[in-house]
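To start, the structure under review is shown below, and the notes come after it.
Which chain is which? They are A, B and C, in the order written, and residues in each are numbered from 1.
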Amino acid sequence: MKLLTSILSAKQFDRDSLLELYQLASSLEETLKTKRKLKLLDGYILASLFFEASTRTRLSFETAMHRLGGQVITAVGVQFSSLSKGESLFDTLKMIESYADVCVIRHPSQGASELAAKNISVPVINGGDGAGEHPTQALLDFYTIEKKLQLSKNKLKISFIGDNKFGRTIHSLVVLLQHFDVHLHFVNPSELSLPKKYKKILTTANVQFSESENLQTVKDSDVLYMTRIQEERFIDRSLFDRVKDSFKINLDFVEKCKKGVIVMHPLPRLSEVHSELDNSKQAVYFEQAKNGVYVRMAILLKLLKITF
Amino acid sequence: MKLLTSILSAKQFDRDSLLELYQLASSLEETLKTKRKLKLLDGYILASLFFEASTRTRLSFETAMHRLGGQVITAVGVQFSSLSKGESLFDTLKMIESYADVCVIRHPSQGASELAAKNISVPVINGGDGAGEHPTQALLDFYTIEKKLQLSKNKLKISFIGDNKFGRTIHSLVVLLQHFDVHLHFVNPSELSLPKKYKKILTTANVQFSESENLQTVKDSDVLYMTRIQEERFIDRSLFDRVKDSFKINLDFVEKCKKGVIVMHPLPRLSEVHSELDNSKQAVYFEQAKNGVYVRMAILLKLLKITF
Amino acid sequence: MKLLTSILSAKQFDRDSLLELYQLASSLEETLKTKRKLKLLDGYILASLFFEASTRTRLSFETAMHRLGGQVITAVGVQFSSLSKGESLFDTLKMIESYADVCVIRHPSQGASELAAKNISVPVINGGDGAGEHPTQALLDFYTIEKKLQLSKNKLKISFIGDNKFGRTIHSLVVLLQHFDVHLHFVNPSELSLPKKYKKILTTANVQFSESENLQTVKDSDVLYMTRIQEERFIDRSLFDRVKDSFKINLDFVEKCKKGVIVMHPLPRLSEVHSELDNSKQAVYFEQAKNGVYVRMAILLKLLKITF
């Protein structure tokens, strides 16, 4: 893998570096079956700075750090009082290098992590930046697909169902998937289709992709990647009412899909995946969340240049 | 003790399991006089999830975990943003098993901890659930009474003064005390008397109990267990004004009580226990809070099946 | 150094104890160049209680504790729910001694830390108390000046520019500087001049000091200690508009100052120090923040009577 100094975007990864990260995360997962904690990051401090709350992502990183023997300092949302006093984001972020050896930043504004990475001397992980990216979510999604269906060896049809316009986890994942032999299929109301910018990336990389508003077109998929459709995305609320039930799946639907299909979701979910699916073999969204810990452990080790 | 998988209710405990927990907590207290930290839970992670803030209970658990050598991940109140996005409590709780080895949950809704315990693979501790229970508070109250007055060997008169209707710590403690030779005496405005459900438990267990609105009836008690009376509990506020000063104690009052009486309070207190009592021998409410750490250490060890 | 039991005020320090603390912090800084963590406070718990948020100060203390091998329990602002239920500050603070071995308290009311120190059995550090003091900020400021310019060996002119009336970090620092051979120069709008109480301290200690409203008078200074001027301090807002730009510095200004001048700022800053200064040799405000970790490590060791 190229030496990573920060993880800001899915665009930093190529096929080899993805497979290398997979191997490392997989070894860590295996090791954690018999050990609760490694000592690799003993003495290291992670600054976990969530300018907007995201409990799942935050706790995933903090657990990853603890499982590696490191320590964590945390601030969430309303605790960033200096910003309300008019301090620049630059100054707020600058303090990190005084306190921590690595940091993860979640911020509502696109580019916040990049601003940090350019100006502070410790590795920065983008934990989601507004309309921007959420690369570590994409990495754990990739990890889940590779682990479940051997993405690197098989041609897979992966369907993205729901909001493909605003779903930043989808955008980051699409960028990763361009390095594999896939057919990406986007199913959404026409108002919520994948932005041109990402279609262009796929075209340039010669990745097969297709679009539909018809949920039936996903039945031959290997992966159903579900996202929630938010009412506030629609200017015309009556339109929302017309489409909202067209992109939901339940157990009956999934049982009529291709054998071995897996259902993924970045969470939180609303009703787009019926809870009756939760205990089915097809549902991997809770396991997906768990994989986040192994992948983030691997990321922390890579950034801090610690060999496992 | 029966193998505990979660601690949801005071009803899970019988006399033997209470005394066994007492022994363990007592040994831990003794050990902490010469050591600051054990390594028994090195590598374990506690998820400390307080959907409503309760700084005292939360810090007590977190200290207990640290004193056992473990680590903690925390989320409090406003940080649970996914719920405001419409995520189900089930999904929010489900994430815990990806991150932690044991969890404590404080939630405003009765049954929240039970929901977690049924659906996740790690032990759950109920840190207080709305109108439901607060079993670990009851356990530390029991510990305090046993330590101070040898509840298991003596017949004690224990008086509960204040709000016996809504005080969930009282309800949980009453359930524990049914296993001992006690006389429980409830002193409160008639609007705030112990719910029938708990009287029935006492009747069934053949526990002697009595009620009064007259504070003078507690003078022969071994324990005065005080709770605050909240104005918002009264539909008729003028009634509150009439009764509010009738259930308060001060140093003069306590000195006229039985020799050796102890004054307990789950905290926070308002004016029902005069601060002039704070440094008296009778006041054990601050020590009671301290006992919470030993009892919670014992609970963590029991749930994680670690021998001390 | 006299045995410190708590750090509440800059007034507790004399010249010798300051230099002794400097030596300790300096050794710690040196050691951290090759080690990330010491084990001196293994098993100790710091309660980090910020009744008002101050992310910088809080994370600085928490990092200091982690670098010494200790653990941290934290509560910030809105999490102190018991106070809103009417609990006294005394009761809230009293809980600390049940949970922690040392604590840092930030509170909007002057005297809060002192109240804690008088009533609990563990050392208390004042992390800033309203209009009161912020002694650890003053100690890290002192550390920075001594390290950069050898305050103890040279006569320095130190100029305080901005709000000398309400700047509690200035007040605490002025109290420390009385023990050295300095010329203190205060430059501020007349509404924001140093309170008489501090001038009296300087007079009594025979410290040379002067005042001006003219920024040009600082050009021969060794230190420019900048603070922000807050609009809300002015009853007459039009006055604020007249003075607000008179106490700002930029790169051009600093280059015309004495060779070797250093620019300090307790942060957060607004526009009083132009960001073009950030990468200059003169700007030490980010390094100043970093020094906070070493100084707070030294403070923790001193209070816990642990030899390094």
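Just so it is clear, a residue touches a chain if its C-beta (ideal position, glycine included) is under 8 Å from a C-beta of that chain, and two chains touch if they have at least 3 such contacts.
None of these values were measured; they are calculated from a predicted model.
The two sequence copies chain A and chain C touch through a face in which the numbers common to both fall below half of the numbers used overall.
With angles rounded to a multiple of 5, the C-alpha fit of chain B against chain C returns 120 degrees of rotation. Here the CA centre of chain A is 40 Å from the CA centre of chain C.
In chain B, the positions touching at least two other chains are 74, 78.
Taken together, the chain A residues at the contact with chain B in this complex read 35-37, 52-56, 58-60, 62-63, 66-67, 72, 74, 76-78, 267-270, 275, 286, 289-290, 292-293. Note for the complex: chain A touches chain C at residues 42-45, 47, 71, 73-75, 78-82, 85-88, 90-92, 94-95, 97-101.
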